[in-house]
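This is the structure I want to talk about, given as C-alpha cells.
Chains here go by letter, A, B, C and D, matching the order in which they are written, and residues are numbered from 1 within each.
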Amino acid sequence: MAVLSLVARRLAAALVLLGALSVITYGLLVASPGGPEQVLLGTRPSTPETRAAIRAEYHLDDPFPLRYAHWLGDAVHGDFGVSIYSREPVTDVIADRLPVTAGLAGYALLITFAVGVPVGLVAAMGRGGLLDQGITLGSLVLLAVPPFAMSILLLYGFAVALGWFPVFGAGDTFMERVTHLTLPAVALAAAQAAMVVRQMRAAALDLAGQDFLTFARARGLPRTRVWIGYALRNAALPVLTVGGLLLAANLTGALFVEQAFGLHGLGALLIAAVSQKDIPVVQALVLFGGAIVVAVNLLIDLAYLVVDPRVRHGAVAL
Amino acid sequence: MKTPTIRAAVVALLLLPVAACAGSPQKGGSGPERDTLVWASSAAPNSLDIAHGFNNASTTIQLAVLDTMVTLDAKGTPAPALATSWTQPTPDSYEFTLRKAVTFTDGSPLTADDAAYSLSRHLDPAVASQAASYFTTVKKVEAVGTDRVRVTLTRPNTAFLSVAAIAWQVVPRKLAEAHPGDLGSPEVGTIGTGPFKVAKFSLTSGTVLERNESYWGPKPALRRVEIKAISDAETLRMAVRSGEVDATDGLNARDARKWTGLSGVTTSFYPGNNIAYLALAVGNGPLKDVHVRRAIAHAVDREALTTLMTGGHGTIARTVLPMPQMTALYGDNMPKFPDYSFDLAAAKAELAKSAYPDGFTMAVPYASGSDGATVMQAVAADLAKIGIRLTMEPSPGDKYMATLMDHRGLGVQYVNLSYGTPEPVEVLPDMISRAAAEPQGFNFSGYGSAELDARLDALAGATGQERQDQVTALLTEIGEQVPYVPLFHMDNGIALRDGFTATGLSVWNPNFFAVIRPAGK
Amino acid sequence: MTLLDVTGLTVTGRHLVVDGVDLTVSAGETVGLVGESGSGKSLTARAVAGLLPKGMTATGSVTLSGLRLLGARERVLRSVRGSRIALLMQDPFAMLNPLITAGAHIAESLPRTGPVRRDRAWRRTEVARRLAEVGIDDPSVSGRYPFQLSGGMRQRIALAAALARDPELLIADEPTTALDATTQHEILTLLREVQRARGMGVLLITHDLRVAFEMCDRVAVMYAGRIVESGPGFDVAKVPAHPYTSGLLAALPSATVTLPRLEGIPGSVPSAGDVTGTCAFADRCSQVDADCGHARPPLREITPGRHTACLYEVRPRPRVEQPPAALREPSPGAPLLTIDDLSKRYGEHTALGGVSLSVGEGESVGVVGESGSGKTTLARCVLGLAVPDGGRIELAGLDLTRRGRRGDRAHRLVQCVFQDPSTSLNPSLTVGATLAEAAAQGTREGRLSVPELLDLVGLPASYAERRPRALSGGERQRVAIARALAVRPALLICDEPVASLDVSVQAHVLELLRTVVRDLGTSLLFITHDLAVVRQITNRTVVLLKGKIVEEGKTPQILDTPSHPYTQKLLASVPPTP
Amino acid sequence: MRGVLAGLLGLAVLVALFGSHLAPHDPAAQDLALGVAGPSAAHWLGTDDLGRDVLSRLLAGAGSALLWPVLVAVGTTTLSTSLGLLAGYRLGWIDAIMMRTVDLAIAMPGMLVLIVLVGVLGGGYGWSVLAMAVLFTPGDIRVIRSLTLAQRELAYAEAARTLGLPPRRVMFRHLLPNLAPTVVSNALLSFVAALVSLAGLSFLGIGLPAGTPDWGLMVEENRDLLDLNPWASVAPVVLITLVATSATLLGDRLFDTLSKGGAR
C-alpha cells in the first residue's frame, strides 16, 4: 500500500533528522562559552558552595556524550526536562507559548492565500498588462522589505499613528486575539503573499498553455467546469506545497515579528532560551520545529496522494 | 510605481473587518473606577522566590507579595516590618520579635519557625540561592519560642539588617521545604503575608496581583495589578503611549527625552542605587602602570558621557559608591576625594610619565547592542585623542557576560551595577577583595591584597564614625590607584499615565504597587 | 451543402502567419489541409474553432452553415463548440486531464439536456456506448487514468470525448502524428469509419501527403500561410498543378522502390509576412520567372474543383533513369560489429530480450520497429550510453560490454546521429566550436578541418560562426552528421535522424547520408520506424518487436515479400505512395 | 527597464566601493553635544543619538551591507551548482548520498538552526554568512540537479558523451552554459535573501560590532529614534528594499533573456 510505505519512509527519515538536529544543537550549546550558571546565579555575587551545587545539579562537569545521553534518555521517555530559566517543565513552557505562535501562523497563512491566490490569478489573466506589471513589481517590493522593518512600519502606521490596533501582546479572548494578531499576521504574510502571487501567476500561465485546457474548451465545457475541474485542480498541488512550507516556516520562523510586536511566542522563546543557555528549552524547541516540518511535508505528500492519480498508482515517485 | 497603492489596498482590505472591533485597545485600566493598574516591566519575572529570581522584574513582585522581617525607611535605616522590634544581645547576634496575628494569604498563621526557615534556606546548597552571598556571615538561625527568631553571625556585620530588608522574605516553611528548587516557579507559585497576593503567574501571558484584603498593614490603593513583560524598549514605550499600559519602570534614563515627550504620561526620576564605572585590569599590560590608569581617568569626558547616557537624569560619579550610599553614609559633609577632571593635557602628561608615552593599542570586548556598546564607543573616541587605541570586540550579551564572569581577557570593562542596600560593604568587597577577583566575582580590576581584605573585614564590623573613616580611606586609595574610573550615577525612572500618581518613591522602597495610587484617591 | 465556409482568413500574431485562406467543407466530406511545419495549417484550424492562442487575432470570415463564428461572442462559440464543431488535437499525451479518468472525460462532454433523464445509469451506458464506437469494448478502460493508457487508447478516448455531443464538423489536427505507424493506421481507419457512419464533415490537418491522399475527398496544400493548390486528392496526387506540390511528391520516399536519387526542395519555407506581394514559392521554384516576383498569383481554377496558385503549367520532372539499388554491396569478410544475445531490462519492462545481429564492413543495416521495440536501447548499448544486462557487443575486435574497456578507442569506432534536431546541438556553442571539439577527439592523421566538415555535409563554411538557433532543422541534422563523422568512425549509428523533419528536408538529409557513408566507406546502423526510409538507405533490415528480432534479411526481399505477420502488418499500415 | 535596474545596481556597487570617500562627514565622528537631530543643511539625513551623520554612515555602510550578501550568493551558487551538476551527471552513489543529505538539510527548520548557530557562535557576520550559505545551498542543489538530469538526456549531451569527452568537460562546457539562466537568477535570489536576512540578524542584535556603519545595524540601532529623526532608520530600510527589489527584478529579466538566448 503506497500510503503505509510512504508514512514508514517519512517516519524513518524523521528519526534521523531529529537525531541529527538534537546532537547539533546540544553540541553547539555545550561548546559555546558560559553555561546556565549566569542565569541561575543572576547578576549577584555568589558563593562557591552555590556554584558547586549548580554544577552538580546540571551535570555541568560531565563530558558531552554523557550529558547528551542523559538528556536523550529522558527525552525518549517524553521527559524533556525543566526550564533552567523559569523552572517549569519544558513541555508546559512550550504548550504555554504555542497558541500565540500557532494563531499567528494560521492567521498569516489565511491572509497569504486570501490575498495571494486571487491576485496571482488576476495578474496571470491580464498577462503583460499594466495591472500585471504593477502586481509583479509590488510583490517584488514586498519580498524585499525585511519582515522586521515591515513590522515597525505597520506598528507605527496602524497602531501608533491611527491607533486602530493594540501595540503589543496577544490578547485573551478570541476577539482580542484577532485584533492583537492582525498587524503581526499582516507583517508576516506580506512577503509570503507576494511569494504565493508569483507562484499562482506562474502556475496559471503554465496551465493556460496546456493542451488539455484547450481541448476542454474545444468540447464546449461550461466555464466553471474548466476553471475548477481543470485549472484550479491542476494548479492546486504546487500552491498547496508552498502553503505547507509557509506554515512550517511560520511556526518555526516568526521570531522577527514576535520580537517586534512583543508577542511571547515560540520564536521569542527560542531567542531568549538560546541566550540563556536554557538547553532543555532550546532542544525541545528545535525538535518541535523539526517535527513540524516533517509532519507538514508528510501531509503535503498525502495530499498529492489524494489529488494526483499518477502518484496514487505509483507511476510517479514522491 | 504601483506598489504603495497596492500595498495600501491589501492592508486596507485586511484591516476593514477587524478595524471595527479593534475599538479601544485600552484594556485593564479602562474600567469605571480605575483601581486596576496595568504595569509593564522590561523583562519577564522568572521566579517569585528571591533565591532563584534576584532581579528587578522578579523582586518588584516579590516585595509586593512577600513581607521581609525588616524594611528600610526613606533615609535607608532599618525599620520594623514583620518584626515589630529587635535587639542585638551581642555584636554578632540579633533577636527579632515577630508581629502578632499575621496570616499567610492561604489562611495559615505566620510562625517564628516559618520566619527562621525562610532565612536559613538561603544557606542550603540544595536551594542554590542567588541570595546566598548576602548571608555568608550567618552562622545559625533558630526560632525562640513562638514569636521570636534569633540569628547568630560568624562575626559582626553591620550590613546584615539592610540585607535582610531585601532578601529575608518570609514564606511558609511547609511550602519552601517541599520545593527547594522550584519555589516561586509558575507551577508552584508562592504564598506570602504581603499587601498583594498572586492571582496568576505566567511567563507568557503575564502576572496578576490582587489586593490582600486581610493585610496587616495599610491597604494598598490598588485593587488589582496586571503585570506584562515587554522586552523591546520601543514597543514598551509605544504601549504606554497608546494607553495599553498604565505604568512602567522599564525606562532607561538615557531615553528620557523620548518619554517626557509623550502626552498623557508623567515620568518621574529619582536617584538609583547604582554606579557605572570603567574597570581597569591592573594585571594587564599597560594598565599595570598607574600613570596609564590616571591618564585614562583624565582623558574620559565624563560630563559628555553622563549627559549622553543619563539624558540629564543622572550625575557624574566621583567615587565608586552609588550616590544614595554616599548620602546615607556622609549626609551633607562629603569629604574630598582624588578627582580627575577632563583634561587632555594632564592626561598626556600622565601618559608621558608612563612606559607608554605614545600610547598603545588594546582589545576591548563588549556586549553588542547594550549601553556598554555606546559607552565604549564614546570612551574609545576619547582615548584615541591621547594615543590609546581601543579595538572594539563585540559579542552577544550572554557570551560577553560569560567571558567577563570567567575573568578572561580583562582590559577596560564598562560595568554598571545596581545594589539593594545603603551599605558600602555591599559594594566595596565586590570591587577590591581578592575573593571577588576570582571567576564569578565582580572585581574586574583584580586590584586587591591581603591587607585590603583585612581592612574590608574590619569595615564589616565597624560602626559610626569609625566606619565612615574606613570607607573614606578605602575610597581615597581607590581614587589614587585608579583601578576603577567612576563614570556616572543613573537615575531610576517610572512612567505613569494620567489617572495614576506615585508619592514617596524612594530608592530604598522599590515596592511600586504600594506607592502608586489612582489619582484623587 | 457546404457546412464550413472559410473565406479570406488571416491570422496575425507577432507577424502574419495565415494569409487569406479560403476553404470549404461540406457535410459528410473529408477535406485534407496539407502543409509542412510553419505553413500555418494548425492555426487555421484553431482560428476556425475560435481557439487561437493568446495574442493572436483572426480576420476574414468563418461561417458554420450560415452562422458567423469569427468575431462571435465567447458565449456563442461555447454553445457551438463540442455540439457542432469538435477539435481533435495532436498530442494524445497532453490532450487529456491527467487527474480524471477516461470515462469522466467522456461523461463530462455528454450533452446536458435531452429527451431522457440524464441520471447515473444513463451516463454509464452512454459512456460504454461511446467507447464501443471508438473500438474500445473493455468497460474497465473508462475507469482508468490517462497515464495508464497507451497513446492509441488515449487518442480513441479523446475522439470519443470530442464526438460526445455529436458535432457536425470534426477538425482533426495531426491526430496521428505522435503515434506509431500501425496505431496511426488503426486510428485513421477508425476516423474514416466514424465519419462515414455519422456522415459528418471532417477537416483533417496533416503534414503527410500520403495520409491526406488516402483519407480525403479533397486536399488543399498550404504553403507559407496560404493555399497554393487544392482539388480532389486523386488528381492532385497524379498531376500536381503547383511546383511545390510536385516537389513534395518527388521528395516522398517509397517503401516499394529504391529511388536512385532522393530530391528535396532547395531552401526553406519563408515566413508568410515576407512574401505577401509575390508567389510565396518563387525563390525555391525550379521554373520561376520574372512575373512570379511581381504580384501574388491568385488561386485560379484550372478544371472544375481544381485550383492552383501557379501562373504556369507545371513541367513534369525528368525521371532520372538509373539502375536502382545505388547502394554498394558490403565487402565480404569479418563483420565490423557483432552483437550476441544482448539483453537489457528496465525494472519490469524488457527492452532487449536476447538480440543478436552483425554489421559488415561498409554495410548499412536498418533496424525497424515501433516505440517500445527496444531499437533505441540497442543503439544506446552499442554507444555505451546504456549498460546491457547480458550478451556481448564486439566492435572491430573491441569488446564494448566489458566495463572500462571502452577506453579512448571506442568513441573513434562508433558515433551517432540522434533524432531530435532541436536538441541535437548544444545551443550555447557555435557550430564551429562543436565541430572543432568533435574533430579534436579523432586521430591526428586525416583529421578534417571545420570548413571541410561543413563542406562534407553541404553547408557553407560561414555556418561555423552560427549558433544552432540560427539553423533550420535540416541544417542542424547536417551539422550533427558532420559532428558524428568528424572522428572518422568505422560505424555510424543513426537513431531516427529524419523522423521529425519535413518531407522535403528529409529527402535532402537521407540523400546526404547515403552519399557520405558511401564515400567514406562507413558502416551504417540505421534505426527507424519508417519502412520507406529503410528501403532507401539500407542493404539489410532487421525487424524488432518487443525486444526480439522477428525477421531479418536483405531489405528489398523483406519489404517485397515479408514473411512474419508483424512485418506484414507494418507494411500494410504504410500509406500508399502515389 | 533593464537599463534602469542595471543603473541602480551599478550605482549601488559604486557606492559600495567608494562610499566612504563620497561621505560628506567622517561616518564615525561623534557629536555628543548635538546628539540626534533631524535633517539639516549640514546633515541631509540628520544625525543619530551619538550625533553621527546618517548620510555618511549610509554611504560608508553600503560596503558591508552589500559585500556580505554577495559573499553568500557567490558561495551558495558555486557550491550548489558544482554539487548539483556532479550529482545530476554522475548519478549513482554520489547522487544517492548527496540527495539524502539534501533532503535532511531541507527538512531542517532553517530559521531555528540559523538563530541557534549564530546565537551561539556570535560575533561578526562571518558565521552568519557561512550558516546562510549552508542553509541556502541544499535547495539550489536540488534545482540544479533536476535541470542537469533533464539536460544530460538531451541529444547534444549524449553526443558529447559518445565523443568520449571527459566528464568535467561535458559538465562544465556543455551542460553548465545551458543551466546559466537558473544559476544566475538563483545567485541573485540568494543575494536578496541574504541581504534581507542579515538585516534581520542585526535586528536581533546578532552580527556586526555596534557603531559599524551597516544598513541592517542602523535600522536596529536607530529605530528608537523614529520620533526624533525617522530617517536614521527609515533610510536604510528604503535602501535595502530598493537594492533587493532591483536585484530580484534583474534576476527575472536575465532569466527570460538568457533562456530565450542561450538555450532553446
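The criterion applied here is as follows: contacts are C-beta pairs under 8 Å (C-beta built on N, C-alpha and C of every residue); 3 or more make two chains touch, one makes a residue touch a chain.
Which chain is which protein? Per UniProt: A = Peptide/nickel transport system permease protein; B = Peptide/nickel transport system substrate-binding protein; C = Peptide/nickel transport system ATP-binding protein.
What you are looking at is a predicted structure, and each value in this text was computed from that prediction instead of being measured.
Student: Looking at CA centres, what chain is most distant from chain D?
Tutor: For chain D, the chain whose C-alpha mean is farthest off is C.
Student: My parser should flag the chain pair with the most contacts; which pair should that be?
Tutor: After counting contacts between each pair of chains, the winner is A-B.
Student: Once you find the CA centre of chain B and the CA centre of chain C, what distance in Å lies between them?
Tutor: A distance of 88 Å separates the two centres.
Student: From the C-alpha centre of chain A to that of chain C, how far is it in Å?
Tutor: 52
Student: What's the distance between the Cα centroids of chain B and chain D, rounded to whole Å?
Tutor: The answer is 43 Å.
Student: In whole angstrom, what separates the CA-based centres of chain A and chain D?
Tutor: 22
Student: So which stretches of chain B touch two or more other chains?
Tutor: 396-397, 399
Student: Indicate the residues of chain A shared as contacts by at least two other chains.
Tutor: Counting only residues that touch two or more other chains, chain A contributes 32, 137, 141, 259, 275.
Student: Which residues, counting only chain B, touch chain A once they are in their complex?
Tutor: Against chain A, the touching part of chain B is residues 1-3, 6-7, 10-11, 13-15, 18-19, 21-22, 25, 27, 44, 46-47, 52-55, 125-126, 128-134, 136, 181-182, 184-187, 202-205, 228-232, 235-236, 238-239, 241-242, 244, 396-399, 401-403, 405-406, 417, 429-430, 436, 440-442.
Student: For the complex, give me every residue of chain A touching chain B.
Tutor: Against chain B, the touching part of chain A is residues 32-35, 37-38, 40-47, 49-54, 57, 82, 85-89, 92-93, 96-97, 100, 111, 115, 133-135, 137-138, 141-142, 154-155, 158-160, 163-170, 172, 175-176, 178-179, 182, 186, 190, 193, 259-262, 264, 268, 272, 275-277.
Student: Going by the contact rule at the top, pick out the chain D residues touching chain C in the complex.
Tutor: Residue positions touching the partner: 154-165, 173-174, 177-178, 180, 262-264.
Student: Quick one: which bits of chain D touch chain A in the complex? Just the residue numbers, please.
Tutor: Chain D reaches chain A through residues 103-104, 107-113, 115-117, 119-122, 192, 196, 199-200, 203-204, 216, 219, 223, 226, 233, 237, 240-245, 248-249.
Student: Under the definition above, what is the set of chain C residues touching chain A in their complex?
Tutor: 49, 51, 53-54, 78-83, 86-87, 89, 91, 94-101, 108-109, 145, 147-148, 158, 161-162, 164-165
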